Amino acid sequence: MRADGREPEQLRPIHIETDYLKHPEGSVLITVGDTKVICTASIDERVPPFMRGQGKGWITAEYSMLPRATEQRNIREAAKGKITGRTMEIQRLIGRALRAVVDLEALGERTVWLDCDVIQADGGTRTASITGAFIAMAQAMDKLYSNKKLPQYPVNDFLAATSVGILDNKHAAVDLNYIEDSSAQVDMNVVMTGNGEFVELQGTGEEATFSYTQLQELLSAAQGGISKLFEHQKAALGEKITTSINNKREKLEGKA
Amino acid sequence: MRADGREPEQLRPIHIETDYLKHPEGSVLITVGDTKVICTASIDERVPPFMRGQGKGWITAEYSMLPRATEQRNIREAAKGKITGRTMEIQRLIGRALRAVVDLEALGERTVWLDCDVIQADGGTRTASITGAFIAMAQAMDKLYSNKKLPQYPVNDFLAATSVGILDNKHAAVDLNYIEDSSAQVDMNVVMTGNGEFVELQGTGEEATFSYTQLQELLSAAQGGISKLFEHQKAALGEKITTSINNKREKLEGKA
Amino acid sequence: MRADGREPEQLRPIHIETDYLKHPEGSVLITVGDTKVICTASIDERVPPFMRGQGKGWITAEYSMLPRATEQRNIREAAKGKITGRTMEIQRLIGRALRAVVDLEALGERTVWLDCDVIQADGGTRTASITGAFIAMAQAMDKLYSNKKLPQYPVNDFLAATSVGILDNKHAAVDLNYIEDSSAQVDMNVVMTGNGEFVELQGTGEEATFSYTQLQELLSAAQGGISKLFEHQKAALGEKITTSINNKREKLEGKA
Amino acid sequence: MRADGREPEQLRPIHIETDYLKHPEGSVLITVGDTKVICTASIDERVPPFMRGQGKGWITAEYSMLPRATEQRNIREAAKGKITGRTMEIQRLIGRALRAVVDLEALGERTVWLDCDVIQADGGTRTASITGAFIAMAQAMDKLYSNKKLPQYPVNDFLAATSVGILDNKHAAVDLNYIEDSSAQVDMNVVMTGNGEFVELQGTGEEATFSYTQLQELLSAAQGGISKLFEHQKAALGEKITTSINNKREKLEGKA
Amino acid sequence: MRADGREPEQLRPIHIETDYLKHPEGSVLITVGDTKVICTASIDERVPPFMRGQGKGWITAEYSMLPRATEQRNIREAAKGKITGRTMEIQRLIGRALRAVVDLEALGERTVWLDCDVIQADGGTRTASITGAFIAMAQAMDKLYSNKKLPQYPVNDFLAATSVGILDNKHAAVDLNYIEDSSAQVDMNVVMTGNGEFVELQGTGEEATFSYTQLQELLSAAQGGISKLFEHQKAALGEKITTSINNKREKLEGKA
Amino acid sequence: MRADGREPEQLRPIHIETDYLKHPEGSVLITVGDTKVICTASIDERVPPFMRGQGKGWITAEYSMLPRATEQRNIREAAKGKITGRTMEIQRLIGRALRAVVDLEALGERTVWLDCDVIQADGGTRTASITGAFIAMAQAMDKLYSNKKLPQYPVNDFLAATSVGILDNKHAAVDLNYIEDSSAQVDMNVVMTGNGEFVELQGTGEEATFSYTQLQELLSAAQGGISKLFEHQKAALGEKITTSINNKREKLEGKA
């Protein structure tokens, strides 16, 4: 049993509040334990210069933390005048992960900006951001599609993420909170799609290593946790959007 | 009557949620109409270099907006690598205003960081930030005082702010929303203390001017609005802290 | 009586040298007591991107100090690689103030750059900058108008600024020098037009507050000082430009 | 068979030139196919502020490319004034990977700087950097150890890295060159230790996904390639340092 | 004869106004033709970190231009957020040149900051800066010496600079104005000491070259011009400081 | 005799490896004693904005050092976020020097980027960069010319550079290594063309001066050294390119 009483394969309580803000095309406040992230999706009717003229869209993400999302106050990156390596890694990860389930041709020459702002942090902020950003994006896509701006709904499948790690007892556990994360020997972030495929796998032993057997244990724990996240996503998105995504996936599987 | 049905001297609906976040010493989600700001107060047991060795504390503020707090997505200042002039002006104003009601000697060599993060903007974000930051700060001060870290409660008086402006009909109105603010000929931010004194007065005619009579009308509207904000602050802070502030003010007035 | 022997309502000696530099379309060395500012006006035959295609002009200002304008040498902002909040506030104020008396339609799609470089500082640098920049701008406008580049002279009225403050004796005084400014409890910058209207009012109590009665005293002192500044401006600009401005104002007042 | 005639499990030709530069404590020119990286190790007799007083050392890495290491000339990051997200990710990866095989207590309060400068790029620059930096570091550590500055040799095990990917034929291949890397559906970087454990696993489907079966194929290909890299490292380091590392690992395994 | 009627070896009119500003320890407005530079010297009772503990002083310079010192308005370096290569070259040159005539041991652990701010530019701004900065520095040194803060006067000799160039007629001319400078095939800046030695020689053919014979012609023209500059410096500094410098030089020559 | 046994007029051993890298249009590894620089030439089929529409080409240079090119590790300029004054001076010098021997009209609207990356430093890195960059540029130009992209070969003459200095014995020596350079009283960089003309002369006395006689001695030493560098350049470039350059020079001399 873990310090907060959870089983190794048990996620923390999850709460998702959709349409959280007034202005964005999609917005969510996702709560995973004590981690809270505001995720918004904004549609920009242009693509970045390197994508112009290809008839395809683009998905990009930005990630930030309020200074006092954490136990100790952090200096704002705007005040420092530059973005840290950690932030860059995370926002590149979020963008790359979300692009893996979007039909960019169907999106057309548009950019979807995903902004993930952590207002309270207790471990797992990057995976909560991916899980929440997916919902904000799916809603924004639905708005475009309902307004007849898209020939078809462009989201190919569900996408969610969680962290797993090897705790002190040498065994895998899912959805680490901050204290577990700090003491874990191995930390792995896993992003998967609704049909059980991997999109990203980032496993790191900080001053430690892990065996093939431990890797298998980690992946199995991740898979279990992510399948529960899909249920939360479906409940939050509602039947209409869930059906749009399922239809799109089935069409793709038919083709393959 | 105004576009949203309000009387000239009527504030928008106000909601204040205290203890909004887990980590900060004080935290508030303040809602003024559709403007929402998370204000936190963080205690740092050091003062900046220019204040060291004087036995006095310091109050400083930072202000930011989520990229999609607004109708159009804004580029993050961290991504630009620098803070805009508007942000600098606002955070200097917030810090200066709050310092006017704090007994910095009583605070001792500590810094209180006030972070105001606008998550949704509809006009009046800087005045909502001041009104909300005051509450977060008063709570953080109470925590220090209750923990016997301070010889006396260091907040001298209540402090709140609102905007007033000259609308198209040439008359003053209080608490402008974004649309009113954009079309107002004159825009003035007023910060006042519980005993009716001014702390800041910033009146600006963007490509326009205003007469002494109009100034009097503006100040009277501001005074009325701010007196209602004090009632909200007292309700949010509760009886204990309200009494601490009132006692401190009375002691000061006795001295003067 | 004040430390330098002045009456409360007395300005410091003022000297204005026009056509101070060879290259700019308008240039002035303005001296207010020991404060000396070089103000230049430069015409740029383009407007910034956000103004294009509107048929209107733009006025923008930059402000800087020589490193040794002050008692202690200041680090150059170019060496720091960024502009301080104080500088940003001042240059935004100067630009906004000047725009209030310019008919931007009459100016056409042009930008007037106002550069205010303080070569010696003894308090009141921002208000001396506004007062001096007005003269440089009026001259540059006259050059455009005389060269038949403008359909009408585009300056609507005179504009000047001064500081006022509450000194130790609790009473208002005008045109504070550096020592007075440092010890003043309340500091207010006032920008007014030739017809007695306000353009900007920025009153600040640094760790202090002020009453409505004190505000009235401050505004009255400001009004007296600014009316004398207008006389200096008229003398410096000469009869031809003074008449152009007066005619333009009268035409506007006729319309209103 | 692959475009350049290699088998799926075949590495490109590898050449390692040690003591490549005169000044650094360790230096290597590593050539993997047409990818060439200069790796140097520099000893700094201090640790960064966050590590002071813990009696432990630190390993940190920096990565860069010459502007013309690539087909198209790249703008220098020094000219841009900031480091790209890609560079940050890579240098964080290199540092983290190397730290996993160093006994930081045995190193004492010292920093080892690993500089990886790509002079010619043809895919796999980050994995060649890790493989080469390990050699430079092991040599620098040997210099410290031989000079009696360390109580014991601080490198716990060999460490090397390669890339693997899913090519168009849906099967895994090792050590992708630039053309293969650009067209691969899935790209994975694997860092392993001499005793067969994982240190880092970063698998990414850019606009694609991968199954559990494909993951197993990728890992098996990586393992085969990395075991050959260890032979190159041993040959380059020579018998003395190879023995030091083997002894250190055996001692650790004895303890565990 | 030259475009402005000067002989090849003739300087433009020179005017030097000492004690130009109130705050600095030394200050000068130097006018060379239409080039005007404010040079100030500021004493800082510390040396930069790399000089600490050596018992020696340091001389450093900064150079800048007002935006409208030139025909076309220049963007401020503070607004760009970085200093251009041209400015860096010039300020390094000024500092290096001035250090060549200062006895840094006699100065003690102090820094002299030389600020050269060009308020009007018409060619030769860097050489006018050196010639003017020397005067400001000599005065600041005299202030230190007169206040008994220095064991001896630390300026070893006079120092002045001018530009020379090869004009269209293939012959050398001294003290080029902006138009001459723009069309000169070769441009050379020469810094010399009172006893006729060189301190700096920077000759450049922009898309052109020059022969040994032309070099001799250039140096002879420079020598003639600089000897006249020394007379202006002596007149500006007055007899007392001139004698201090002469005495110091004679003492050095006696030693050598 | 010098510390490393050389005569005053003797260069260090020189080695030039052409076609050093795979991607650039021209590339060289030049070794002068222990100084090693990779010089590459890259053709860009555009010119910078200020050159557009003139029918002329442009030559520009960038210079950098690997962090461990030196005895002590240097901080990367990319990590600092800005380029030092020294680097700017050097890259401006390299570009200017190379432009002096290129017929920019014959080059057409193209830019040649010269990248000089010092991988090992032992004095004279800027002069080795010029000498090596000339070779890389001449090869890249030959590639353009052979591909019929140019009407004529655009390099007007050979160009090489060396340093000279006044050593402790008060006499001139050529090609200073790092130790000589550090202790030299006067340091001069000389860039010359194949027909014996000067392109750049930068002589500097750091806290010292030099006489006209010493200048003559320095120039004579430089001339001797540079004439030997031309032989190395001709051997490296081969007969075809050497003939192209000689023909171009003779044609120019015929015209003159």
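Here are a few things to note about the model shown:
Order of writing sets the labels: A, B, C, D, E and F. Residues in every chain begin at 1.
The rule we apply is simple: a contact is a pair of C-beta atoms (placed from the backbone, for glycine too) under 8 Å apart; a residue touches a chain by one contact, two chains touch by 3 or more.
It should be emphasised that the depicted structure is a prediction, and the values quoted were computed from it without experimental measurement.
The set of chains touching chain B and also touching chain D is given as A. A rotation of 120° superposes the C-alpha trace of chain D on that of chain E, rounded to the nearest 5. Of all the chains, the one whose CA centre sits at the greatest distance from that of chain D is C. Taking the options A-D, B-C or A-B in turn, the interface that duplicates D-F in more than half of its contact pairs by residue number is A-B.
Chain centres here are Cα means. That of chain C falls 61 Å from that of chain D. Taking the mean of the C-alpha atoms as each chain's centre, chain C and chain E sit 35 Å apart. Per-chain CA centroids place chain C at a distance of 52 Å from chain F.
Among the residues of chain C, those in touch with two or more other chains are 81-82. Beginning with chain E and continuing to chain F, the ring of touching chains reads E, F, D, A, B, C. Considering their complex, residues 82, 85-86, 88-89, 91-92, 96, 99-100, 104, 188, 193, 196-212, 215, 219 of chain B touch chain C. The touching residues of chain E, counted against chain C in their complex, run 21-24, 27, 34, 38, 40, 42, 44, 62, 64, 66-71, 73, 76-83, 87, 113, 115, 117, 119-120, 122.
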